[in-house]
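Chain nomenclature is as follows: A, B and C, assigned in order of appearance, with residue numbering initiated at 1 for each chain independently.
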Amino acid sequence: MSEAIHEQVAKQDYAYGFVTDIDTEIIPPGLSEETVQWISAKKKEPEWMLEFRLKSFEAWKKMSEPNWAELDYPKIDYQAISYYAAPKSLDERPKSLDEVDPELLETYEKLGIPLHERAALAGVAVDAVFDSVSVATTFKDELKKAGVIFMPISEAVHEHPELLKKYLGSVVPRTDNYFSALNGAVFSDGSFVYIPKGTRCPMELSTYFRINALNTGQFERTLIVADEGSYVSYLEGCTAPMRDENQLHAAVVELVAMEDAEIKYSTVQNWYPGDDNGRGGIYNFVTKRGICAGARAKISWTQVETGSAITWKYPSVILKGDDSVGEFYSVAVTSKAQQADTGTKMMHIGKNTKSTIISKGISAQKGRQNYRGLVKVLPKADGARSFTQCDSLLIGQKCNAYTFPYIEVENPSAQVEHEASTSSVEEEQILYCRQRGLKEEDAVNLIVNGFCKDVFRQLPMEFAVEAQALLNVSLEGAVG
Amino acid sequence: MLTIDNLSASVEGNPILKSLSLTVGAGEVHAIMGPNGAGKSTLGKVIAGHEEYDVSSGSIHLSGEDLLELDIEERASKGLFLGFQYPVEIPGVQNHYFLRTVMNAQRKTRGEDELSAGDFLKSLNEEMKALNMDADFKKRAVNVGFSGGEKKRNEILQLSMLKPSLAILDETDSGLDIDALKVVAEGVNRLRSPERSFILITHYQRLLDYIKPDVVHIFADGSIVKSGGPELALQLEEQGYASFGVKA
Amino acid sequence: MSEIQLPNTRQENWRWNNLRWLESLSSSAKNQIHKAKSNNQNVKFMQAIEGARESISVFSDSERELCELALCGKTTSIPDVYHDRITPIKIQSNAPHEVVNRNMITRVGSHVNACFEVDTASANAQWTNAWVHCKVESTSTLDVILPSISESQVDSALTLTLSFDLEASSRVRLHTFLSNRSFQRVDVLVRLRGTNSTFLARGLNIAGEHEEQDIHLHCLHQAPKTRSHQEHVGIAGHHGHTIWKSLATIERGAHGSESFQRNDNRLLGNKARVSSKPELKIDEDDVKASHGSATGRVNEDAYFYCRQRGLSPRDAKALLLEAFVEKSFDDLSSLIDKDALAAKVERALGKVIYEE
């Protein structure tokens, strides 16, 4: 590729890097039992919720940060982070959008997520989470009519304690890992979804996470329960301002799909990635796991990861119900100085369970990317089937791509297949496209989009276009 | 149409083209024949603007435009088409999408409006029918898993859609069986017109049985050693390169 | 001897686990192994070995000391190699209750075709550990074959490290056959240090009843245009565990390199286990790398076809498994008595099928 473009590492704009100037309540940095109690009290939580937090905190104190991932970042000082930040205007939760601070509404407007229903994306209900609290949830009434519960988890604690007590921590136990334990202690908000038996959720559900305040971490918790024979498609989006400091994001997502239920969970992750030299950006340590609890249940993870300085994330499926299905479709881009260690785990427990993994990793500039996956077939999983396709694309001389796809089979009737490849955008491909009239950058975009096609196909229509655009922006100036 | 004057080019310091001159008039078909390794393919790549080659002297003009001043894609938009000897595979990008993207890119560069999806599909279907191509060809990824013959036919399809003023076909006949060769030749013959010129780069006379050239050039050691009418190709076929003082 | 460079182990820690594990084995772990062994408790014996392996988390020895340790005393040198015959590398140990360690350093001179057969048949100590290092000079070809299949199941452990340094345009072909021993672990370290060097590995693990057959490969591409090609097949019988772990590292600057890894497995019988761990670490963009794996039971259509043509279930399975392992014999040096080896493999396969 041409030297000119190689050197023209365009001062690429992160479109969502602005800061909202709003009066914010932030607790001082530091984490102790008192902090946990303070957060719980602030949210006026019942005793059982406080207990959940304190037990998580106890577990966290005894654990140490995992270091097996191929990631390189300075030690995080957990006492230097503030664990709660919220716009003061949201101290009392607004009853309607009219009561929401216009500054906040404008923020979401700028992010392309208008919260007024007349302007909102048709057919998509949005829960907007700003720092530690939920700002607003759209289309609540319409969902209510269908019997669907979609609300901030902090409200659900009060309104649906029986569901939360039953399912919170049922898929990702408190002691699962260092970051999930931390989340259990200090999680602030997030979304709760319950789809009743036999219900097809009438619209896409979406949560939009925004980190705004300086020096804070975001610890959201999402719980989706799809009861027997129900269906839901859920999408999360994430952005943060450009700051020189790193910010911690440690979320937990739990999915429960009962008999014949289907959950489709899509992520377009665009946290601030930091600058070309690795300064600033979000540390994204996320635990996502779903369980196909009943027969013929299906959970499908689709992720487009273009942001964050560090990504540590393995959306997984426990295939417990017979004939249940788990899917993982991923496009991950590491450009600038980004690092990602991501992949999935498929645990085949039930009979005739099926899993599909399609992972496309793109590494450019000084990006580092690892695919880490495990397909495990336990002794009772007769007739289990699994297929993995995991490809890496390298653009440039300073990036790298590592692949660790582990396979453990303990049942002789299982069929587990795995294919992987690593390649680069070939000069000949670029030349061919250019001879036919494309600009070099457009040629690279065309080739990269072709490489990711199997995954983009899985995204809801509206977001496939967004994801594609995001990918192009992420790779801007990466050609060379 | 095309005027090459005294062109010299090298790759990594090794001279490949040596003071080559060539003029192709509008509507003419020229065949460039030569032994393997003589640098025939280099000529096509240098005209197209491949960055691996350094042009040390000389000039290339297409319809009055100085090509050496332009990037590869700009030359393409000026009506230059290079048919690749080994068409490149682009996984995940559907053929029809690729064609529409490149056509619109060229139109944009020329300051023309984009083609509507309907118009595009209509002419694509017509061209594919003329080339005897299955409809599923559109949906397949560019050249991925294509046989040698399919790849070459795909090049001819792109050629007929892009309607260039000058098409350079590099060893288009290599690896083709006789039926595929006929299809390709028919495609080219159909596209012959007073406004469109062709340069056929080939090793064998075979292709010229189906596409009648106006001028035949014999190419050796970086330049043209002899030019003549179609009879030159026949003479070459009978007597070999040695009869022209060329090491085969 | 002095001109032979020992591997720089800084990035290759995992490979040393065998040696370190051995050297730092606590006496209590040793006792455990002895006890389990003397009571003829096969499973416990293996657990003890695993336990010992895991109990070592901190290694105090510096790498240099370790290298010296590896070189001291028991090193055998094989200076002469012949291009027309097999040079046996004997890993001997007949002492019944002892852990035995053997290290060998070998140089294969320029323009030499050599063939080593690593002879493990006499390694009858309850636990044998050995290290064989080969330096392959430019344009040489080295064939190494490790036919570690005893005639009958041996209740002992063998841990073996094979390391190869390849100079420009040299080539190593490695064939491994592991079966009929309670626990075998083979670590293979390959450093493709010279341009155009090639490593080819074919292997077969047959993990019979209560056996664990474990092969780990690490192939480092350190020079341009280096190639590695690995094809490995595993069969796990009743309570058997076959493990294949392969790491291919393509370092920055090793442009034009190619890496291919393939691992296919068949599970037979209850409690059979397969672990397949391909790993790729790529720091260079101008490369081609791929790996693939398929694990399952015998192809049902083919099985049905064979039965319909009149084969018994046992014969049908045997036929299909023989076909499955066939590629392990590809590229085998003509010096090797392939028929004798195939007969050994066939007998090992027969036992696995029978166990089902």
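For the reader, a short list of remarks on this structure follows.
Just so it is clear, a residue touches a chain if its C-beta (ideal position, glycine included) is under 8 Å from a C-beta of that chain, and two chains touch if they have at least 3 such contacts.
Here the structure is a predicted model, which means the values were calculated and not measured.
Relative to the centroid of all protein Cα atoms, the closest per-chain Cα centroid is that of A.
By number of C-beta pairs in contact, A-C leads over the other of A-C and A-B. The distance from the centre of chain B to the centre of chain C, with each centre set as the mean of the Cα atoms, comes to 53 Å. Chain A and chain C have Cα centroids separated by 41 Å. Taking each chain's centre as the average of its CA atoms, chain A and chain B sit 48 Å apart.
Here chain B touches chain A in the complex through residues 48, 50-51, 71-73, 76-77, 81-82, 84, 87-93, 98, 101-103, 105-106, 109, 141-142, 158, 162, going by the rule given at the top. Considering their complex, residues 252, 265, 267-297 of chain C touch chain A.
On the side of chain A, the complex with chain C involves touching residues 379, 392, 394-397, 399-424. Only residues 2, 426, 428-429, 431-440, 442, 446-447, 449-454 of chain A touch chain B when the two sit together in their complex.
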